[in-house]
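Note that the chains are named A, B and C in the order they appear, and that numbering of residues resets to 1 at the start of each chain.
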Amino acid sequence: MRKSLQFGVLALACVAVAIGCSSGSAPTPTATPKPATSTASPTATASGGATVVATPTSSSSLIQIPADIQKEMPLLAKYHWSKVDWSPANLGKGQKTYGGVLKMNQPTVPTTWDTATKFGSTTALIDTPFFSRLLTYDESLTNAFAGAGNLHKLAFKGDLAASWDISADGKTYTFHLVQGIKYQNIPPVNGRELTSEDVVYNIRRLSDGSKSGATADIYKNMESVEATDKYTVVFHMKSVDGAFIYSIVSPLNNFVPKEAVDDGSINSMPIGSGPYIAKEFVPNDHLYAEKNPTYFKAGLPYLDRIEWYFIPDPATRIAAFRTGKIDEYTYRGWNDARQLLDNCGSLGCSLYVNEQNSGSNYYFGFQMNKKPFDEPRVRQAIALSIDYPAAITALYGGNARVGFSAVPSDWDGGRMFPRTQADAPEWYHYNPDKAKQLLKDAGYAPGSLNVNVWMSTTTGSMAAEPALYIEYLKAIGFNVTPKLVDAATLRTMYNSGNWEGLLYNATISGGSDLNDWASIMETGAPSNVFGISDPKLDVLIKAQRVELDRTKREQIGKQIADYDYQNIMGRVWLPSPLFYHFTRPWVQGLVGNDVYYWSTYWGLNVLEDTWLDRTRMPAGADR
Amino acid sequence: MEFGQVKNIATAFPTVRWGDKAKKSWKASKTFARRQPLGAASALFLIAMTLAAAFPALLTSGGPYAIHPLESFQSPSAHNLAGTDQIGRDVFTRLIYGARISLQVGIMTVGIGLTTASLLGILSGFVGGTFDTIVQRVSDALQTIPGIVLAMALVSLLQPSLTNVMFAISFVIIPFNQRVVRSAVLSIKENPYIEAAKVIGGGRMRIMLVHILPNVVAPIIVLASILFGFAILTEASLSFLGLGTPPPTPSWGMMLSEGRQFTENAWWLSIFPGLAITLAVLAFNLFGDALRDVLDPRLRGSR
Amino acid sequence: MSQYVLKRVLLAVPTLLLASLVVFSLVRVVPGDIIMATLGDHSQNVTPERLAQLRHQIGLDRPFVVQYVSWIGGVLRGDLGNSLWTQRPASSELLKALPVTVQLGVMGLLIAWVIGIPVGVLSAVRSGKASDYVGRVVSILGIAVPDFWIATVVILVLSVQFNYLPPLGYAVLWQDPLKSIQQFLWPALILGFRLSAVIMRMTRSTMLEVIQQDYIRTARSKGLSERVVIYRHALKNALIPVVTVIGSQVGIIVGGAVILETIFSLPGVGRLTFQAITLRDYTQLQANVLVIAAMVVMMNLVTDVAYAWLDPRIHYR
């Protein structure tokens, strides 16, 4: 009897193994497909013989990649979004096709779908497919190619709002809603119409400080909001606020139906007016959604179905992309990108690269009002001690920005490309001897400066960068004590504005507006944890806040960036790695404005414009 | 002294006559090697590891922290026996210095954790009564929390550092091990010889030191060898979860955890530390097995 | 026997209370709490007053004893509190995650038995010979190799060499058994390999003991074949103590789950607990620890009872 039991177990095991290994065991991929690229000459897609008019030569050669970008960030130059072989239909030439499944990696797990709650910020990473708001970001390849030039320039367009006006004195904003918008046809809203009452209800919740930790700030300048008729919403502001219109574009402002809040269903499923309806949500695992047949924008969306998978381990994520379990892989991180550049799996991939502002602008932060950082020479010495090109080569294979400026590129005078080392002031050019001299001049003999470097650990993958920078600091005479804490503790330290020594951290943007970045350096601002207090800077920061004209704001932004770069206000900027978007060659229209946020699709309604080009899909792709 | 046919490890351990020890040790080693080849091989490995940890400068140059960022990700060569890591540090050097860290973690775990557990176990078993009950209840309660969860919580609480990791692991092993020692004590305690000693007038302290202690030394030694391995492994797991010894300390666990992400491009960054951990844990366990076999053949391979 | 079971069940209560108190105290002594962890991106815009307000809403500003007592009160009513992270009841999060880890554990144990018992028997029967040594080394490898390392290598080899990855998207076992088995196979294999070490050693030692018993000698002298002697007489009795080992392996299972669930994307209790620790989600962590501890206690009791039932020589008072 024992024997047969054992035999049975063994047999079962064999069957299990057989099942496990049976599916998907394709032979070793042969030639590893390289990411699709195109040079300046246009490509014609072979779609069953029909000739497609190629994109005008002029558009992609309109965008010249500057020489110093090509030198300092070769991958950014080579895989710039303007160099990608997009389907012509993206650029207005030809038809976009409907149908299909897109499989995506889910970056985090939302804890609730109601942004106007304490932890609503996690929702914003993934809520745009399900919800709508007044305005949304505008990422249009067509526009970018047609002359606007910068795909990642922060532009916005109406979502629920068909049009809007700002009064002459800048204190009244009037939004005219699209008429006939319907909520998704699921309980508890069951497809009823969305009107100005809903908008006002949401704005009131979002601006209520007692409910929300994250969004109330956006509305702090708002005096009142009202629905003057069924399709008109009017905001009255306390004062002129140049940041307001950009802030309400934030996906934290997604609008939820009152019924779902009242019966609590919004806490477990997303219910809104967006292009996709959530079908199945298993937190910490997956989220499936299907096309909303009554979406208010005619002709949208294109996809039938989207599947998100939450994959916590980075190595598994790469494996998932390679084996075709997910169709997009967008991550900063040279190591991951390098592996995929070598081999992105048998289904092939397409790639574009851009700079990123949020989550990857590393710096050493310090308190400007404490010794020894109140002494400019000490700050300069820190910057001078680092060999940026060598570090970038070692850490990022030569692909990173040499350092940031306190303001994102498109607010930094409206740049299309990031600043390079050629633009950087002398402090950001490696000169350890000068650094030692400056320290001596400032009265610190080598070896006499003790400094802590605080940093956080995730799963051990941040070790190389701070370890390297610390060696540079030691080489010029600092006595460095590395202090490792976990992420939550580091954040607490950061927010308290009270740490001893250097804090190794990356910027996390509070928003996409210039004001969010600039106010960190304003005297007395709650977000100013670096003890920065500079009257000249304050003047600039106040000026941008009340300036409504975009171009003028960009100019002020440049001045702020210059000032910070020159005077090292609170942060010594460290190299910032680039961001890599890998997608399947057939996935079209999935462009990200991750320039601002560490999650690619934050706030973008790109998924309503995403479509699959079947002519580029290999047989058996099962999409 | 013989304690009769008590089915217990304690019985087989002969009274140690320190005088003869030196003379017999060489002969004993040879016998050991013949009877326990695996154990002997492991012992050799452990001796080598200890020597490497004690005198790292003999085998390496430059130290484990010397970075050469421009020579990162070099594959193993004559110059870098085990290649270089992501910022150009020599992996072989770090492996050797890592042996020291691993041994430190093990020594601390055994030194503090096992010692505390043993003392607790001996006291608890010998004294008995309410004290014993309380200690056992608390120990039971702690044992219901899986070790790694408790260690994670402790390190997270205390912030990751080598010391805190060592402390956390030491703490986690106490409940189980004190129980093992206690059961050894309990079985000796029942023996009529102890009763006799008490009657004759031997103080409790004396009884504990002279009679109980030598006979629990055996299981403690065996536990120690296994705990070394356990400590090294737990440190590696904690490093993977981001709660281990912080970089740039060259602990094998951290090296493996970091090297994991480079397995594809730079296999040497994970294979070598992984191999080091595996071999060390293997050696400790096999050696412990061999010791147990020597100390009581009847318990060969148990537990 | 039933008196014994009752006694054990009653004893479980203070044990669990104590365990929960330990964890309760641990997490509250820490700097940085869940509010900080979750506001994350936007915490720099939040003023101290609002922080205090948010803390108050969760009840983090009450004295320690009050928090503990109120939590215990809730537990007795079946309410394990709400996860500070998701605002949903901690018990519902647990209920969703438990089947995953249980499935992983059961499959792992099955595999451990399939590997461990035959190797243990072989080792015992050929004690002292080469196959014994090989068996012992292989079984120790099961605990010597760091499991996150094996898991990484497995995923790499599977994806690069075989273009294969276990399917994503957790499938409930009885709804989609094929997908579920595929998902759990590899992590269960790795876990099973680890668990098999203990099983192998236990089997080996009990077999060795049993083989030396008189009744085995009798069976042999009766002329029965070695195979019958081993499998029909020896193994049956040797396996009994092995059963008791299961209780102690729950700890390894949960520990292994933390790592394997992360790497293989399974939404189980291990990952949930790790997340709770890093996020300082006190309530979820307490709930998890309490439930895991209760399961450990129950498993121990079940195996002890099973032991007594299987071996008529054992009596409990």
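Definition applied: contacts are C-beta pairs under 8 Å (C-beta built on N, C-alpha and C of every residue); 3 or more make two chains touch, one makes a residue touch a chain.
In this text the structure is predicted, and so the values were computed from the model without any measurement.
Just to note, of A-B and B-C, the chains joined by more C-beta pairs in contact are B-C.
Greatest Cα centroid separation from chain B: this falls to A. Averaged C-alpha coordinates put the centre of chain A at 38 Å from the centre of chain C. Look at where the CA atoms of chain A average out and do the same for chain B: the two points lie 47 Å apart. Centre-to-centre separation of chain B and chain C, using mean CA positions: 23 Å. With touch defined as above, residues shared between interfaces to two or more other chains in chain B number as follows: 156, 240-242, 257, 260, 263-264.
In chain C, the positions touching at least two other chains are 30, 152, 156, 160, 278.
Multi-chain contact residues of chain A (touching two or more other chains): 315, 486, 489. In the complex of the two chains, the chain A residues touching chain B come out as 314-315, 335-336, 338-339, 342, 387, 390-391, 393-395, 457-461, 463-464, 466-468, 470-471, 482, 484-486, 489. The touching residues of chain A, when paired with chain C in their complex, are 2-3, 6, 9-10, 12-13, 16-17, 19-21, 23-29, 111-112, 117-119, 121-122, 209-210, 213-214, 216-217, 267-268, 282-286, 307, 309-313, 315-316, 318-320, 322-323, 325-326, 343, 345-346, 486-492, 494-495, 508-510, 520, 526-527, 529.
Here chain C touches chain B in the complex through residues 14-19, 22-23, 26-27, 29-30, 123-124, 127, 133, 136-137, 140-141, 143-149, 152-153, 156, 160, 201-202, 204-206, 208-209, 250-252, 254-255, 258-259, 273-274, 277-278, 285, 289, 292-294, 296-297, going by the rule given at the top. Chain contact summary for the complex, chain B toward chain A: residues 65, 67, 69-70, 72, 85-88, 156, 159-161, 239-244, 246-248, 254, 257-258, 260-265. Listed in rising order, the residues of chain B touching chain C in the complex are 37-38, 137-138, 140-149, 152-154, 156-157, 229, 233, 236-237, 240-242, 253, 256-257, 260, 263-264, 270, 274, 277-279, 281-282, 285-286, 289, 298-303.
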